[in-house]
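Here it is, the structure in full.
Naming follows writing order (A, B and C), and every chain is counted from residue 1.
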Amino acid sequence: MTDVAISTDMLEPIADVGGEAQPLLQVKGLTKHFPVRGELFSARKTVRAVDNVSFSVMKGETVGIVGESGCGKSTTARLLMHLMARDAGEIVYDGMQVGRSLSLRELRRGMQMVFQDSYASLNPRLTVEESIAFGPKVHGMADRAARALARELLGKVGLRPETFANRYPHEISGGQRQRVNIARALALSPRLVILDEAVSALDKSVEAQVLNLLADLKREFGLTYLFISHDLNVVRYISDRVLVMYLGEVVELGPVEQVWESPAHPYTRALLAAMPSSDPDNRTEVPSISGDPPNPIDPPPGCRFHTRCPFAEPLCAKDTPSLSDLDTMGHQAACYMAIPGSGHSRAPARARGENAA
Amino acid sequence: MSVLSDAALQAPPTAKARGYWATVGRRIARDKVSMACAFILALIFAAALLAPWLHLADPYQGSMIRRLRHIGTPNYPLGTDELGRDMLARLIYGGRLSLIVGILPVILAFVIGTSLGLVAGYVGGKLNTAIMRTVDVFYAFPSVLLAIAISGALGAGIVNSIVSLTIVFVPQITRVAESVTTGVRNMDFVEAARASGAGPFTIMRVHMLGNVLGPIFVYATGLISVSMILAAGLSFLGLGTKPPEPEWGLMLNTLRTAIYVNPWVAALPGAMIFAVSICFNLLSDGMRSAMDIRN
Amino acid sequence: MFAYIARRIVYVIPIVISVALVCFLLVHITPGDPLVAVLPADASQELAAQLRSAYGFDRPLPVQFGLWLWRAVHGDLGNSIATGRPVLSEVMRAVGNTVMLAIAAAMIGFTLGLLFGLIAGYFRDTWIDKVSTSFAIAGVSLPHYWLGMVMVIIFSVQLNWLPAVGAGPGGSGAWAWDWEHLRYLILPAITTSVIPMGIVTRTVRALTGDILSQDFVEALRAKGLRETEVFRHVVKNAAPTALAVMGLQLGYMLGGSILIETVFSWPGSGLLLNSAIFQRDLPLLQGTILVLALFFVLLNLLVDIAQAAIDPRIKRS
C-alpha cells in the first residue's frame, strides 16, 4: 500500500507476507458443535452450527456469505475472529497460522469485525471518540494520538468529528452508529474486515449509503471484506465471490455472477427464486423451498437439504455429497445433481465446465 | 510515518459532552422526592456523627424520678425512657449504632457479592455453576429466618449481627451482579473489545464495570432499607446490641413494657427506623429511574 | 409438563440436602462445645465422655451429618433440651398456628395488593396511582414489629377494642373458630399483611404497566374489544408472575414470623424459635429452622409447578 489513506499516525498494519497469490484467509474444515441440554435422563444432543467449512479469501476481494438465519453464518464469523473456540479446523491468515507464526494479538489487528446491532456493539458509557480510540490504545498507542486518529477516522466514515466525537451512542442514529462501528474496526488498520449483517438493520436508503461508504473505504484502505448477509441483493452488489451456507455447511461457492446465472445447488436456486426479481425473463421455474429448515440439532443424515429438496433421491438421504468443482472458474457445489456420475438421475454425464466449452 | 493532519489538530475542541454519571446526577437533582430523602438522611447522619457536639443530655444517665415523661416535657422535648434517660439524646446517639449495623452489612455484601457475581458472570462455565448453586442454597431460606438462625447460633452481639446480615445479603447481591454481568458480557461491544485484542482486565475496567456497577448499586441502596429493618429487628429480639447502648431496635424492645404508660414515646425509635428505611427505598427508586437514560 | 415437574423435583433434591447441611452446621458454628447445652453443670469427666459418644459428637463431622440426616429423614430431629419432648412434634404443633396466621395475612395482603396494583398500573400517573404506590412503598419500608406495637397501642391500649397478646382463652392448644379466638388473630394478621401487600402492589403495578404498553393490547383495542375484555387479558398475562411473587411472599410469612409472633406472643413457630434461641435449646433451634426452610423449599416448588401449569411459555424451556 503506497498511498497514505490517512494522515494521522496509524498502527502499522500487519505486513503482507505472502504477496498477491497468497490468500489472505484460508479456512479448512472449520467445525463448531454446541452441546444442548436434552430432556431429563436423555442423552446430550449437539447443534452442528458449523460443520467442516472450508474456503479462502483472496487479497482485495469481497466474499459474501449467504443463507437463512440459523445456518451458521454468524458462528463462522465469531470463529474466524477467535471470539469462540473451534472444535476442529484451521484458520490461516496470509499464510500464517494463528498461535504459531502469528500471535492472537497480531491477528486481532489484521482482522476486524462489524456487528449487526449497531447499538449493542457500542459501549453506552463511552463517547464515540473513546470507543474508536479504545482499540489503538490497547495496542499501545498514546491516548492523545488515539483520539486524534479516532477523529480523523470519523471524518473518513462521513461523520464530522466536531459534531460527533463527544456524542454518546444513544444520541446518534442507527446509520451513524454503524459508521462509528466501521471506524472502530478500521482503527486497528486491519487488512480483513468481517461485516456480520452490518447493514441488515438499517433502513434501505441508509443501507445504500453505508454500502457505498464500504466500497469507498475498501478502495482507500486496500481492504478485503468478508460480507455476511441474508440479503441476496446486497451480497450480489458488493461481493466478488459468494458462499452459500445451509445448516452449518457450505453447499455452493463461486464467483457471484456464475452462481447467480447458473446456480447448481437446488437450495441456491430456491433462495434466488424466492428473491423478488426485477427481471421477468430471469425467473426460475424452481419451486420455492417448502417447510422450515430442519432443526439444526441432529440434522438429517445424508445431504442436509434432502428433506426439503424437490429432486431428492434415495442416494441423497444415504450419503453426503462433497463440495465438487463445476468448472475451472472456482464454481463449486455440494449436490449429486452437479457431480458427474454420482448416480443421481439428474447428474450430468461429464463435468459442466467441459460442457460449456 | 505521517504527521498529525491539520484537520485533526485544528478541529475546535468540542464542548465535552456531559458524561453518563453527570447526566444521572442532574436527573436525580431534579427529582423532588429523591432530594427530600437525601436531605432527611443527611440530617440523620449528620446528627448521629456530630452528637457529642450538639449539647445533648447524657444518653446513658437515667433517673428513677423522671421516668417515662411525655413528649413535650420541658428539658425533655421527646420525653424520657423507662429508666428516665432523655429520649432525644438516645435517639440521636442511637443513630450511630443503628446506622452502622444497618448499613455496614450491605456495604460488605456489596463488595463481596459484586466480586463473586462479576467473576461468575464474566468467567462463566463451571465457576459460575459453583458460585450460583451455592447462592441457591441460601435462597432456600427466607432472609429473616436465615439472619435469625445465624445470629441465634453465633449468639448476641453487634459483630455477630453484622456477620449474619452480611451472610444474608451476599447471595442476593451476587445473584443481581451475576445476572447484570452476564447480560453486559453478552453484549456485542464486549465481543468487539475482545476482538480488538483487549485482555480480560482491561475489558472489565473499561467496558464492564461502568455498565454493571450502577444497577448493583441501586439494588444495594434498596437493600439498606431491608437491612435497617432486619438489623433493628435482631436487636429487638435481643440478638444485637446489649443494654445500655442506645440503638433503635433495642430501645423499641426495652420500651415495650411502657406502651401502657406512655405509648407514643415507646413508638419513637420505630419511627426513626421507618424514616431511614423509606428514604433509602425512595432514593433507590429515584436512582433507578434516573439511570434509565434511554427514555 | 410431566418432564418439567420431574426435572424440578430432581433439581430440588440437592437443595434440600444443602439446606439440611446448613442447619446441621448451624449448631457447629455456635461458640463452645455443643455438649455444654445438654450437660449438667456438675457433670463428671466420664459422664461427659459418655454423653459425647451417645450424641455422636466424638465422630468426624461428615459421619455426624450422615447420621443426623438419616434420623431426620425418619422424622427424628432429637429431643428438646428444655422440655424433653421430640423436636418434630413441638415444631409441627407450633407451625400450625403460624400457617393460620400466614394464610389470614395472605388473604388481607394479597387482596389489597392485587387491588392496589391493578388500579395503580391501569391508571398510571394519576392521583390514585400515587396513593397506591405510597401505600406500597410504606408497606415495604415499615419495620413490621414496630407496626405491631403501634397497632397494639392504638387498638388495644387506646381504644381497647382488640386483645394485645396471645391466641385466646385456653392457650395455644385450645383454638376454636369463634369470635373469642378470632379477635386475637386480627392484629397479628393485619401487621403481617403489610409487607406482602406492598410487594404485591409494586409487582402487579409494574406488570400491568408493562402489559398495557405491549402491542397486543393495542391490537385488542383496535379489534373493538371492550375495556373490560382488555382488562381480562391483562389479568391473564399478569397472573403467572403475580402468582410466583405471592407464593414467595407466603413462604416469607411462614419463615419470617418470628418478630411478629414475639410482639403478639402468638404461639407459632417463630415464638418457638425465639425461646429455642434464648434457652440455647440447640436441637429445637436446628429442627425448627430445618422444618421452616423445608416448608419454604416445598412452597417454591409448588409455585414453580403451578406457574408452569398456567403459563404456556415455561413448560418447554
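As a working rule, a contact is a pair of C-beta atoms (placed from the backbone, for glycine too) under 8 Å apart; a residue touches a chain by one contact, two chains touch by 3 or more.
Please read all numbers here as calculations on a predicted model, not as lab measurements.
> Grab the C-alpha centre of each chain and report whichever is closest to the global C-alpha centre.
B
> Of the other chains, whose C-alpha centre is the longest way from the centre of subunit B?
A
> Could you give the separation in Å between the centres of subunit A and subunit B, each centre being the mean of its C-alpha atoms?
Result: the chain centres lie 49 Å from each other.
> I'd like to verify one number: the distance from the centre of subunit A to the centre of subunit C, where each centre is the average of its C-alpha atoms, in whole angstrom.
Result: the chain centres lie 55 Å from each other.
> Roughly how far is subunit B from subunit C, going centre to centre by Cα mean, in whole Å?
24
> Please list all residues of subunit B that touch 2 or more other chains.
Residues of subunit B never touch two or more of the other chains.
> Along subunit A, where are the residues that touch subunit B in the complex?
Spelled out, the residues of subunit A in touch with subunit B are 4, 6-9, 78, 81, 83, 104-105, 108-109, 112-113, 115-117, 120-127, 131, 134-135, 138-139, 145, 148-149, 151-152, 155, 161-163, 165-168, 170-171, 181, 184, 188.
> Which residues of subunit C touch subunit B once you look at their complex with the stated criterion?
Residues of subunit C touching subunit B: 14-15, 18-19, 22-23, 26-27, 29-31, 137-138, 140-147, 149-150, 152-153, 157-158, 251-252, 254-256, 258-259, 262-263, 273-274, 276-278, 285, 289, 292-293, 296-297, 300.
> Which stretch or stretches of subunit B touch subunit C in the complex?
133, 136-138, 140-145, 148-150, 152-155, 225, 228-229, 232-233, 236-239, 252, 256, 259-260, 263-264, 266-267, 269-271, 273-274, 277-278, 281-282, 285
> If we count contacts the way the header does, which residues on subunit B are in touch with subunit A in the complex?
Residue positions touching the partner: 1-5, 7-9, 11-12, 14-17, 20, 187-189, 191-198, 202, 206-207, 210-211, 293-294.
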